[in-house]
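Here's a structure for you.
Letters are used for the chains, namely A, B and C, taken in the order the chains are written, and counting of residues starts over at 1 for each.
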Amino acid sequence: MAEPQEDLDPQAKHILTPVVRSGWLFFAVVGLLGGVFLFANLAWIRQLDEGLVVTGLNDRISWGLYISGFIYFIGISYGGTMVSAILRLTNTEWRRPITRVAEASTAAALMVAMVFPLFDLGRPERILNLVRFGRIESPLIWDFISIGTYLAGSVLFLYLALIPDFALMDKVLPKRVRFRRVLYRVFKMRWEGTPAQHAKLERALFAISIIIIPIAVSAHTVLSWMFGMTTRTGWHSSIFGPYFVGAALFSGIAIVVVAMAVFRRAHHLEDIITEFHFKKMANILLVFSLAYLYFTLSEYLTIIFQPSSDEQALMRLLIDGPLAPYFWFTTVSLVLVTFLLAFKPTRTIRWITFAAVLLNISLWLKRLIIVVPSMAVPLVPGDVVATYTPTWVEWAITAGSFAAFGLIFAVFSKLFPMVAIWEIREGAHATSAPQAAPGGTAPVRAGGKGGA
Amino acid sequence: MGLIGAGLLAFVVPINGSDTGVVPPEGCTCHSELPSTAVVVSVDGWPAVYTPGEAYPLTITAAGDVAGAFGGFSTEVSKGSLSSTEPAVLASGRFATHTSDEQRVWSLLWTAPPEDSGGVTLVVYVNLVDGDGSENAADHWNLATFAAIEKAPEPPKPSHLNLSFESEGEAPVAGRNFTLAATLRNFTDAPIPNATVAFSQHVAFGVLRIGETRTDANGTARLNFTVVSAGDFMFLAAYGGSSKNESSSAIATVEAQDPYRVFERYYGRPSTSASGPFDPVRLPLALIVGGVWLTFAFAMRQVLGARKLGQPSADGLRDLVKLVFSRSGPKEKGKT
Amino acid sequence: MSDEAHRPAEAPADLESAPPTDAARRSFIKGMGIAAVVGGVALAAGESALSALGTHIQSGTAGHPENRFVMVIDLAQCDGCKKCTDACNKEHFVPPGQEWIKVYTVDDGFGGKYSLPRPCQMCENPPCRNVCPTGASFVNKDGLALIDQSICIGCRYCLAACPYSARYFNWTEPPHAPEELGHTNTPEEPWPHKKGVVEKCMFCVHRRAEGKLPACVDGCPMGAIYFGDAAEDAVTNGQGETLPLRKTLSQNAAYRLREDLGTGPSVYYLPPRGRL
């Protein structure tokens, strides 16, 4: 079993090892996720067979876990955009060890999100009707175009940032890694790291960084308009665009933090992704947490203040209806997270990760309480408040979506390193004196400014 | 013969009845003083209600307990005219009598007077004689009076009710008042005034009563109406309440100068267009999305340009296959 | 990795002024191609939608270039017997659990109750049609919102958008009556019903071809539901009574549901004044 070749610096070797070596933990995790994913497929087959009657949906509440899951996954895709694109454009050096994880999480989230609507359709086999007969007037078609473009852009972004690492892997990975090497060899695009090539890559990355921000903003805004353009109480709110974008940024960063924590532990990257990075991410999370609390307060205070029966019914549903536990959990945990992130004793890797996980759970629940209560409010005089209880099929498919997200990451981690080696080297090179010997292996410092 | 001649002469100067005729008011007193119930006078064919102008054949029969078959009659009708249908009867104007005395049944024709003549009286004197030539008590006579009344006039039966439209231009226009006019005439084409005409409209699923007006002196009833859209509308006018009365229908083709405005003033018009407010957005949207994808293309172009700068290495298909299936590792040109 | 690997002749600076290479041309063409494809797909999708609409059966009452069918429901006459629902369910083989015309019992706020039948409101500006991504929900020439179940993908956006809870989804394959099966599913006669698509009241457009009133209008023993063409300004109920439309609406203070939303429903309600 040949190790990566000797002329690689130890840090890069350390980062690359998990790509070729898999421990028992990896197989255990993949096995577990695979099992959940398989179970979800069985549930899906059941649903295809009998129809959506196997869900808890009904003619009054016709959207539930699938749609809220869809929104959630689009939301967490913002992480990559934020870290990679925005931090790149702002020349934030400490982003370097985490850009890869961020971009991967965006791509993975969007891959899962694009498949999600399929679960919700009554006629999934007719999905191409969206292309054959699509009406540009429909917010759903705007969604389709916008999210499709976003997926293409983020995959492209991920790929661009992978090119130098592909080249590196092509060179240094052991001989036994043959099939993947084909991938690297083709997709490295004859990368040799020359300044000219770097210039081109930088130009490409710059272009995509710029364009991906409005695309990402539009993707989630357009998704929010799917609700905002209806007339239902709680949906028809002009704050929905900014609200969803804020929530997406929030949950996206949180997912990146979770992914950072996972891979830091799994790949032993403690020296590369350090507490410093977590603290920086916590700062960003704190800012978004405050922004998100502001949006939430604004939204609900406006609703509470309305004497209209619809708005009052909605608030009643949220405060002590069937979904009230979720509503309170979300609200309380958001406030809690804000404190966790703000105060020094809880600004450690463990607590920050905990906050990020809590945040993701509560934001997933938040999507559910955006979708369902507004549909429960009666519309016709004399009509009753509707109820919705998700069934095992819906929970299974939801769990499967998370499993798929994890599995995609697992696949990614075997295809490329979870830290962008070239970016780290580029950063180190920029900060250290430019005296690297030809072909030299000058030891590089981990992280960016400020040290580990 | 001389008697006949004298009888005829008697017609000219009606003074006395004789076997030829005219009855004096006091009866056939030459024969006997008083009428006798032994004689029965009957007239067949006399109408109780006569139709003005119609001809009625009458048969006068005298029967009684007088030997022989000789007799005579005289009759006067208050209105109308009498005419004879046989030689035995002599009729002229309002009078008729016998010409021969050898029968006791006579037939003649009465023509009823014209309209508005009122009641008619027919007096018939009948004399039965035994034929012995003497005017004595063996002869009996009697009289009978018959009356007839005029048939009441029928209510004016309209022979047609004509429905039409009156409007300023050629055809009724949507949104503007037009007039439905129904003219009622009887069988002689005279207009019937002051009659109630009911107007209705045939609609998709039923009939809608739209109004009732009375005919004016010219027999025309008018109703103002407005329709809210263009198209064919069927209207109905009916006279009186009975369904047996003649009614008329007519179809008005209403034009609309601006159909939608009239219509949608009340009910709105559905937006059947699929696009709604979106048409102007398509092109800018396509341009924006196209622009985004162009940026992706630009980035890929950079990558391909970078590729161009690199050394062609073993990424031809043959070498790739070799790479996959060889036991030794890849051969590299150039250094790290 | 910015190493100083020596390179043969070309200096980086020349690249910028070099003529476009084949690779560059290819990528540029590829880029234009992608943009063209995207734009083309968008336009083609729009065109397909319009032409797909053109294949829908166009129906209408002969003689009027513009029809606008309205329903007037006299709440003062409605006794909540739900015979309208039964008639409709029977006429269209409506799957169990669906009531295309649904009768609600409304509390009038003063201790009394009245019944409110709610068919599809046949809006002039229907939110269901506005949000449908495939154009399966469309408005025909007579202004009736219908559904082409052969195109519907079952996304249920229209159910979310309808402000009257008037639309229904086939959550599973519904049971089929024998009479249903030989029939071809069209927007005007959507049976046999299929799993995974949406459906709703369609003002019995198929009965009008036979000159018949909608099933609910016919089936109402109180004659509380009137139906007609606003172009003729008259509505008729199942008992044969025809009323002048505008006058009736005006004199009875007729109202529509959720008037404030601007959907422009075609169902007018006469308030339950003096009800039995």
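Going forward, contacts are C-beta pairs under 8 Å (C-beta built on N, C-alpha and C of every residue); 3 or more make two chains touch, one makes a residue touch a chain.
All of these numbers come straight from a predicted model, not from anything done at the bench.
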| item | value |
| --- | --- |
| Chain centroid nearest the full-protein CA centroid | C |
| Contact-richer chain pair [A-C vs A-B] | A-C |
| Chain of greatest Cα-centre distance to chain B | A |
| Chain centre separation (chain B, chain C; CA means) in Å | 49 |
| Chain A-chain C separation of Cα centroids, rounded to whole Å | 36 |
| Whole-Å gap between the CA centroids of chain A and chain B | 85 |
| In chain B, residues with contacts to at least two other chains | 274, 276, 282, 285, 289, 293, 296, 298, 300, 304-305, 307-309, 334-336 |
| Residue numbers of chain C (touch at least two other chains) | 1, 3, 5, 15, 42, 46, 49, 130, 135 |
| Overlap residues in chain A, where contacts from two or more other chains coincide | 135-137, 145, 192, 194, 196, 439 |
| Footprint of chain A on chain C - complex, ascending | 1-5, 7, 12, 15, 41-42, 45-46, 48-49, 52, 97-98, 102, 104-107, 116, 118, 127, 130-136, 151-157, 159-161, 163-165, 167-173, 195-198, 257-258, 261 |
| Chain C partner contacts - residues on chain A that touch it in the complex | 50-53, 55, 57-60, 62-63, 117, 120-124, 126-127, 129-141, 144-145, 164, 168, 192-196, 198-199, 226-227, 229-232, 375, 378-383, 422, 425-426, 429, 436, 438-440 |
| Chain B partner contacts - residues on chain A that touch it in the complex | 7, 135-137, 145, 149, 152-153, 156, 160, 163, 170-171, 174-175, 178-179, 181-182, 185-186, 189-192, 194, 196-197, 200-201, 203-205, 207-208, 210-211, 215, 439 |
| Residue numbers on chain B that touch chain A, as the complex places them | 274-276, 278, 281-282, 285, 289, 292-293, 295-296, 298-300, 302-315, 320, 323-324, 328-330, 332, 334-336 |
| Residue ranges of chain C in contact with chain B within the complex | 1, 3, 5, 10, 15, 21, 23-24, 26-28, 30-32, 34-36, 38-39, 42-43, 46, 49-50, 53, 61, 63-66, 68, 70, 123-125, 129-130, 135, 138-141, 143, 208, 211, 213, 227-234, 236, 240-244, 246, 264, 266 |
